[in-house]
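Take a look at the structure below.
Letters A, B, C and D mark the chains in the order given here, with residues in each chain numbered from 1 onward.
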Amino acid sequence: MTEVTMTVNGESVSADIAPRTLLSQFLREHLRLTGTHVGCDTSQCGACVVHVDGRAVKSCTALAVSCAGSDVVTIEGLAKDGQLHPMQEAFREHHALQCGYCTPGMIMAAVDIVNRKGTELDERTIREELEGNICRCTGYHNIVKAVAAGAAAMSSGEIRQAAE
Amino acid sequence: MYAFDYQRPGSVSEAAALLADGSGAKLLAGGQTLIPTMKQRLASPPLVVDLGGVAELKGIDRAGDRLEIGAMATHAEIAESPVVASAIPGLCQVAEGIGDPHVRNRGTIGGSLANNDPAADYPAAVLALGATLHTNRRGLSADEFFQGLFTTALEEDEILTRISCPVPERFAYAKFPNPASRYAMVGVAVAKGPQGVRVAVTGAGQNGVFRATDMEAALANAFTPDALKGINVDPSLMSTDIHADAPYRAHLVAVMARRAVEAAAA
Amino acid sequence: MTSTGIGAPVRRREDFRFITGSGQYVDDISRPGQAYAVFVRSPHAHAIIKNIDLSAARSAPGVLGIFTGNDLAADKIGGLICGWMIHSKDGSPMKVGPHPALATEKVRYVGDHVAVVIAESLNQARDAAELVAVDYETLPAAVDVAAAQNPGQPQIHAEAPNNTVYEWHLGDKEAVDAAFAQAAHVTKLELVNNRLIPNAMEPRAAIGEYDRGQDSYTLYTTSQNPHVARLVLSAFVGIAPEHKLRVIAPDVGGGFGSKIFIYAEETVCVWAARKVGRPVKWTADRTEAFLADAHGRDHVTTAELAVDGSGKMLGLRVKTKANLGAYLSTFSSSVPTYLYAPLLSGQYDIPAIYCEVDGVYTNTAPVDAYRGAGRPEATFVVERLVEVAARELGRDPAEFRMQNFIRSFPHQTPVIMTYDIGDYPTCMSKALELADYANFAERKAESERKGLLRGIGFSAYIEACGIAPSKAVGSLGAGVGLWESAEVRVNPVGTVEVLTGSHSHGQGHETTFAQLVSHRLGIPIDQISIIHGDTDKVQMGMGTYGSRSGAVGMSAISKALDKVVAKATKVAARCMEVPEETVDFNDGVFSARGTNKSMAFGEVALQAYVAHKFDSSEIEPGLKEGSFYDPKNFTFPAGVHIAEVEIDPETGVTRIDRWTAVDDFGTIINPMIVEGQVHGGIAQGVGQAMLEGAVYDASGQLLTASYMDYCMPRADDLPSFNVAMTNTPCPSNPLGIKGCGEAGAIAAPPALINAITNALGHENIAMPATPQAIWRAAQSSMRKMAAE
Amino acid sequence: MAVNMSGEVVLAADRERVWAMLNDPEVLKICIPGCETFERDGENAFRAVAKVKIGPVNARFKGKVNLTDIDAPNSYRISGEGEGGVAGFAKGGAAVRLEPAEGGTRLVYDVEATVGGKIAQLGSRLVNSVAKKNADAFFAKFAEAVGGGTIVATEVEAANVATGGMS
């Protein structure tokens, strides 16, 4: 067992874990943060995406011990002071989710896209940047719209109403 | 995953010492191949040596006419690096086309090269660039380094530390991704530099990355897409899987080579 | 229309928990003391189990129990069932081999269940599972559905000679022969409907629990129909009687059919919970999902269309071999029969249709309903044939369809169905306009200038949703009725809880069902909750599949609401001391005509419970009503999808440039959600046509068992979709709803293949049309063109 | 998943010597890539353990090897099956034929093998290439053991796929 300490959603957490514990397992089983989902074994579906030190990472493909000392943000930590993050709001406003299983990873990936590519995103860029996240329900149409709107809102602080 | 011991050394020499006993310890660079393999229980190293804490393996610098990339530079760091963009812009594009954004944030150039997956992108780029691969004990030319399917010149306890690329006059990489895995179904890198014209192909060959010497000869005469006309790739050297058979791969090698030259010459 | 009523694009009420990571999927649930199950699966497609040695595994650390098929048999736990009896042409019942939850004598596909290991931790269970030593005698495997019935093929079940489950047919063979004899033109195609693996993003999972004090079981499971699961596990498998078995399907991360069925894993988990005295949890990893979830489609078909000299369709002849896999899954037998052949008339007036279907066992994973279930296969046959016939006849494919569309309703097809309503020409005209068909030739010329091939393809699909009525489906062999239940509980202060037998796993019932209630009772949506997915709360239900929840589930709620309003009207009349027939109910207010008396819905609810103002011998106190609704007929959503593609002939890479969908779903409760269903369906249809295909090798190994090889549609594979609606309200249910969940998956594959073949000038493209296949076809087209 | 492979190698030794070496477990052990043990287990039967390493994948296969259809010193059939634990299994055989050739003996082989389990499910893209690599490695070692030779050709046929239809 190895002692590991990291910051998760702004709080310092410590645990004694086996080295084989994946970051996704650490979050789900040790911290009971079950919003981070696991949808595949080959590091492709992206349901498990969280931010580690400000960058999107597939938490099913990272050892928790490797993240010692890191600052981890999960879907549970995205809303601040009871206020939904603009990207969360955009996903709801644009019906960018159906079953909701891929959604946490999708939202964390979307925020990461904005962090890297800015708040003005065209459709091509969004589609390409979503390469690491698989959704089986939506056909991505509304996800693409939501990411664009969420990105814009991250700059203006406002969510544009979806076109009806 | 099977249980394993874990060490996170602070230096290359410490890491090398941990590998020295020959018990089958594995280096964890970015983990984007190793961890999924271990999850499937298809690898069971008794000890995992995490290179994430080795500062000397990080960093990207320009040193005269060479680009020096630390083995632990992530794909994202290379893709976003202004140093790389000014020295070898095509290499940024190689990095940006690997995996997906999340994988690029963890995966490293050293991990990819040491793994030498026959469908990985970096081996083609590094081989075409004629890079020198530095380890904790020697420097290896790319031609020496790659030894076929998942095989490199690295000894069991040797650590890849730095990739030194001569800055070429021209370089580009054209990739045809596997629609499912997004690995290269065919990827062709072309470079015109101090070592002449070099063309390296990944994803296609039966034995991993290789140099297309007849293309190199033709391009040495004239570095234009048209120079490749009439050069056919031998399908009997190509690999076959459920996604692409050998004749299609052979055809794609020619197409991607031409597109790479177009991009490099532009 | 209220802002939250029928027709409003109400934002989904379920979303808050999903966007904040607060959903509760089965794997998110952790029961005190839970142990973990790992299944030992066959690596062979076909083998005799000679011996299973558990000794090493039993002594591994943390092991609580290891069980095999013999242990299930000793407890008299029955096998899994197929709930739809199909009879062959000769009248004989289908030939079904046993389907034990854990294999006993033989394994029949890679991934078949051999033993279960239960341990304190998942890793310990995995470690011990590796120590289970199974001695197999491998047998040759029958993998290819086209060949599995041939003499000399390996026999999978002794009960089904030649691996034939049934040889079924529908329609009038003689009439069809006569039609073909008169035909001026016959179009014939050999078609393969490729095998798909559903891949809901949430892998299947189960937690079984046994309460010794109550002698009762609880099963948390990823199910689209928890009540059917309880029924099967009680009445057929014999886990426990229904009142001693609670089944909970909490948040479920997509189903697409694959979570309708009752599988071995949940059966074993709930049974084993009692054996080990601990809750037992199992969660599939993705490779297990690939191996052991029921797959979809997998037909090999020969189809012919007869047309007269004027272009009028005369007859259709179809012969299909349907792969059912190694065991019959819960509803597998019905998918290539009654969910397939009755749709072969499409949107067309075809006087004579005859279809033969052989259901075939192979050494592959069971095949059952996957989004569309039978109807995509039928639509692919019809719409490929129609498109190719138009091309062969030199007719514009849109105009050829228009000529043959059914124009008067009701319309009796020669294959069971009575289409109640529709307006196919309007859909087509609107689609042609939205797709800018008029300027296609210009766009094609522009593509050609860039060295690219452009093609356009049509699909005028029809589907049948809300399979009904129960009496009719019973006569066709169904083992269950296909009604739906609802209970509307009005609380004393006027808030409402609706208990529904439908199950939402992405469809947004918590929103749309509440919209209906808000609309009818005139109360704000936040005063309404929708309860589903728990057999202890909802008495009975048939679940969600086949696009039935709107047409059938909401109709049941509507019927229950009728009863609530009727009773509340009585209560209001007594309270206001006016005759009942003078009381109107509008926008949440009961008012007495000709007076200024009125009562809000909430006030009436309170009065119903306090019962102070009426005689309880005339009106029972309380306000709670239920309904079991059985529709009169199927519903028939229909529409036209038009795909436009651009192909790089040098690589075979195909880009979908435009997608136009015009669908007629009847009444729309929430257009935002309906469009979302269309988008998702199209994506799955595009997946089938271009990206996805399960590949088994000749020995029965699944070579596409991860996302490395099974190509899931990703954002950059798809365009944005241009979606529009027309509306002919369905006369067969009180709301006029038709069903929208499967339309996209049904419509899309032929639209896309028709577009690709149009671009290539080459009909011989199989699904999935991979870059390699398209490149090869493009090469052969160009060689042909060069030769001409 | 099936692997069909054929090839030939010209060895710098006479047929009797090649034949003897083909029947010598010590020689086979040295030549089979990753082979840890290769022990006689009855007449023309052996038990073997081989470690297979493909990139990060490490699996240890344990199994039986049998020699049948023996026509000394002209030909035999070598067949075997191995269990690789979670990795899956491999089984198959090779018809081996020896012919006199200029400078020694020509060895012609025809392999039919199948792999199953996780290797097939997750690694199908690599199976053919790995098989060829191992065959080449075997014959390179074997030629070395014999005293020299050249691999003339190794050809891998595309595996045929039964159902589902990606082509």
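Methods note: contacts are C-beta pairs under 8 Å (C-beta built on N, C-alpha and C of every residue); 3 or more make two chains touch, one makes a residue touch a chain.
Worth saying up front: this structure is predicted, and the values here are computed from it rather than measured.
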## Note on the structure
Leading the contact tally is the pair A-C
### Query
CA centre of chain B versus CA centre of chain D: separation in Å?
30
### Task
Would you kindly tell me how far, in whole Å, the mean C-alpha position of chain C lies from that of chain B?
44
### Query
Taking each chain's centre as the mean position of its Cα atoms, how many Å separate chain A from chain B?
29
### Summary
Averaging C-alpha coordinates per chain, one finds the centres of chain A and chain D separated by a number of Å equal to 48
### Query
Got the chain D residues that touch at least 2 other chains?
86, 118, 122, 124-125, 159, 161, 166
### chain A residues counted as touching two or more neighbouring chains
20, 41-42, 44, 131, 133
### Query
Which residues of chain B are in contact with two or more other chains?
1-3, 38, 40-41, 181, 242-243, 245
### Summary
One finds touching chains in the pairs A-B, A-C, B-C, B-D, C-D
### Query
Contact residues on chain C for chain B in the complex?
123, 126-127, 130, 287, 650-651, 691, 695, 703-704, 707-712, 717, 770-772, 775-776
#### Entry: Interfacial residue positions of chain A with respect to chain B in the complex
2, 18-20, 22, 41-44, 46, 49, 52, 55-58, 60-63, 65-66, 68, 109, 112-113, 116, 129, 131-133
#### Entry: Sites on chain B touched by chain D in the complex
24, 26, 33-34, 37-38, 40-44, 115-119, 148-150, 206-207, 236, 239-243, 245-246
### Task
Enumerate the contact residues on chain D facing chain C in the complex.
1-2, 85-86, 88-89, 114-118, 120-122, 124-125, 159-167
### Task
Using the touch rule from the top, collect the residues of chain C that touch chain A in their complex.
9, 11-12, 14-25, 27-28, 30, 123, 199-203, 251-254, 256, 285-287, 505-508, 671-673, 675-676, 679-684, 706-708, 712-716, 718, 720-721, 744
